[in-house]
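First chain written, first letter: the chains are A, B and C, and each begins at residue 1.
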Amino acid sequence: MTATPAVEIRGITKRFDDVVAVDAIDMQIANGEFFAMLGPSGCGKTTTLRMIAGLEFPTEGSLKIFGDEVGTLPPHKRPVNTVFQSYALFPHMNVLDNVAFGLRMNGVDRTTARRRASEMIALVRLSGMENRRPAQMSGGQQQRVALARALVNEPKVLLLDEPLGALDLKLRQDMQLELKELQRRLGISFVFVTHDQEEALTMSDRIAVMNDGRLLQVGTPEEIYERPANRFVADFIGTTNLLDGTVVDGSTVCLANGTRVAARSEHPAGTMVAVCLRPERARVVTAGDGTESGIGGVIDTVTYVGNARVYTVRLDWMQLRVREENRPGAAPRESGDPVSVTWDMNAVTVVTE
Amino acid sequence: MSVSEIATGDADEQHTVAAATPAFEAAAARAAARRGLFMALPAYVYLVIFFAAPFAIVVIYSFATRTRTGGISLSGWNLDSYQRLGEQIVRDVLWRSLGLAILTTLICLLVAYPFAYYMTIVSTTARNVMLVMVMIPFWTNFLVRNYAWRLLLSSGGPLSSVTEAIGLGETDLLFTKTAVVIGLVYSFLPFMILPLYASIERIDHSLIEASRDLYANGAQTFRRVVLPLSMPGVIAGSILVFVPSLGAYVTPDILGGGKEVLLGSYIVTQFGTARNFPFGASLSVVLMVVMLTATVAYFRQGGRNL
Amino acid sequence: MGVHAGVVFAFFYAPIGILIIFSFSGDRIVGQWGGFTLDWYREFWNNDQLTNSITVSLQVALIATVASVVLGTLSALALERFRFRGRRVFDALLYLPIIIPDVTMGIMMLVFFAEGIDVVDSLLGISLAKGITTITLSHIAFCISFVSVVVRARLSGMDSRLEEAAMDLYATRWQTFRYVTLPQILPGVAGGGLLALTLSLDDVVISQFTSGPGATTLPVYVFSLIRKGVTPMINSVSVVMFLASLVLIAAMLGVDRLRSTGSNVPSAVPRGDLSAEPAVGGHERGDT
């Protein structure tokens, strides 16, 4: 990785009339990084991507690509290319002309453009399909054409707007690996927009979680999952139980019903927080066997999911979800069993709003 | 396109590359707006000169005074021409035209609805063939279509020969109100069929099945499900037939022989032999107001397939 | 309902069929069968006024079509792709010629060319006598709107991401229009053009009010003939006009097919094949 970030965003804001789509975000994307922007629809991730591409001008702020300010340049003057959602392949051109388009617009002569386009088509394993029209190809093939069309221009950064959204599950999983592999080989940054947290966790070096135009957390998949910065991130990434409460001291939180549980936090006493407990980190034990930090409840439903059982445990004031791996010989619990839910102090995170 | 490019395309080049500011964003938006205006401008200017201006002149004339020689005096503004709308002879013309237009619209609706419905239930191939068959008269020269009826209805002509042969006696429909209505229905029936077809075709078939599942019989399903859902088409088609029928000029002339004075020819007379421009203008304004009201109603319905 | 449909079709086609049959009738009285003859077609062909009016019609229609395709397409692009001041007024102004009754529009143009013409003359620096020019100007005024509506429909159905993709791939605005937008909307432009051509050739009322002694269009001339009294020659003229309409319908259906197939555009439509263009890329980038 070089010292200059591939993309450097400082205080970027985008307003559409009265709506703030992106609210003063700062972000740095290193060269050679697989970077995901993750969030629910309307969170501003696509707008941010479009601003990097030049399809949208920021209202305010600085946007640099390899140190050069580009925030006010039109798209055709930026060294980045985009793989569009649903690909935006030119329907009136064949595959070869689609892939050669950028080169031709850049003034590359026809012979060279065609040769390089063919090479790129070979790289995405579509050789022999040069003369097909996009409409004559499957979704997966179109996806590869879109990739080739962007990559043939040797962009310094590749932008991908939900590139796998239109594919079915199996194909999507294959393409995830393939994209990751391609990125590693090319060594350039991929900036990837998705609303699928699993996809983001699988593919990315780092993830930026966004909501309501604000950047909530940037970190590795592990950091995001294990140490969510706030309640929204905790809730959005994976499934989780959020138990509202107040900080008592550095290792205790008092829950809404008055139960004190062990949870480490650095917030001052009295802060309103939520204890974030992942279902697979919680355990159910038979009620009354003397475990220290347990919360008493009753098993409500039992769902068999193959490698595990998921219990919902009814507490006095809320429901908890607990996931228990299936082990040979373990006796499954049944609906109505009185239980106690426990966890290790290190297994939970304390988050604020 | 190229003009606007030359005029605004270099805006990109001029600004220095710097951090984005609200001022830059606004400038970019203004540049885009300017490009749009430049592209619209030729047609805009053209329509202002050759449509809006003539339109305005007619409206202005409706308030002017007719001089003794049949010219226009632009000094005395008044509502005299509009007051004349109350005269018996004028009211007769207006009511007659209105009645004919409404009758035409109703007949078109009654003929077109079963036809359009049938189009939605036949096979795709048959449906496409039917669409083309409806389109052909729709695109055929208007004058030819009316003239064909003139020929068909002429006294001693083909229709008369047929009715005589089957023992119904001679028919002499030409230059009657009936002939005008036939001509108008013939001219504007496709305007009714196409929007009706479009709106019936859009109805989700599972709604009809749901209605049947909920114990409605065929007639009930039609009355309570199909008909209400096809109302946009009914309204669109009715307006598309009503407006041109009200202003019809060629059909009443060819098939009515100008015997019954209708609004269209009445207006033309004011600008021709009668040389009463202000009165003709006020009649035109009345026609335009009816037309605009109907169109606004149409757009309120969310229709767009004019 | 099938029977009903059959009756409707009979209603649609019987008059036209009978018209065609009687155009070959040898009897002087219209609507009487008097043996097969081509006399009326011959008479029509030898009638100078008629053939002249055909020339006028074609001239008017061609100029009106070209002008309205250019103006209408530009206005469609402006309305679909840009926001600018006066956009809503322009939008409304574009719709009016479509919905206004023929008679009203004809009267408007009549009064305008009779009274407001001095202003236009001084604006354009030429003198407009009523004739081909005034007819053409009026036809353009209503054709623009129809072209604009058809092209707008096509544009709004086009994925705007295609244009963004082109710009992302280093195309300037002009290149984006030339290689992506234009090929995509071409069926709409062609359809709008055919519509303009048909409407212009079809028009009686507006042409009647704007034509002068020197120049009348075919429909205006035929209309005056019908008013004077029907002769069998009008049958033959009408059949020829009907056949011309059929040709236009066939062309329109052809364009429609291109429109519906969308991406699988057959070779009839220019493919925007970049490799066929001599080095446009480099050149145009230089001067933008």
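In this section, a residue touches a chain if its C-beta (ideal position, glycine included) is under 8 Å from a C-beta of that chain, and two chains touch if they have at least 3 such contacts.
In this text, all values refer to a predicted model and were calculated from it rather than measured experimentally.
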Top-ranked pair of chains - ranking by C-beta pairs in contact: B-C
Relative to chain C, chain with the most remote C-alpha centre: A
Distance from the mean Cα position of chain C to that of chain A, given in whole angstrom: 53
Cα-centroid distance, chain A relative to chain B, in whole angstrom: 54
Centroid distance [mean C-alpha coordinates] between chain C and chain B, Å: 17
Touching two or more other chains - residues of chain A: 74
Two or more partner chains touched - positions in chain B: 12
Chain C, residues touching no fewer than two other chains: 172
Contact set on chain C toward chain A in their complex: 159, 161-162, 164-172, 175, 179-180, 183-184, 262-265, 269, 271-275, 279-283, 285-286
For the chain A and chain C complex, residues of the former touching the latter: 53-55, 74-76, 80-82, 84-86, 88-93, 97, 100-102, 104-110, 114, 133-136, 149-150, 153
Contacting residues of chain C [partner chain B, same complex]: 1-2, 4-5, 8-9, 11-16, 18-19, 22, 29-32, 70-72, 74-75, 77-79, 81-87, 90, 93-104, 106-112, 115-116, 120, 123, 137-138, 140-141, 144, 148-149, 172-174, 177, 198, 201-202, 204-205, 219, 222-223, 226-227, 230, 234-235, 238, 241-242, 244-246, 248-249, 252-253, 288
Footprint of chain B on chain A - complex, ascending: 10, 12, 57-63, 68-74, 77
Touching residues (chain side chain B, partner chain C) in the complex: 1-2, 5, 9-10, 12-13, 32-37, 39-40, 42-44, 46-55, 57-58, 61, 72, 111, 114-115, 117-119, 121, 130, 132-137, 139-145, 147-152, 154, 156-158, 186, 189, 243-244, 246-247, 249-250, 253-254, 264, 267-268, 271, 277, 280-281, 284, 287-288, 291-292, 295, 306
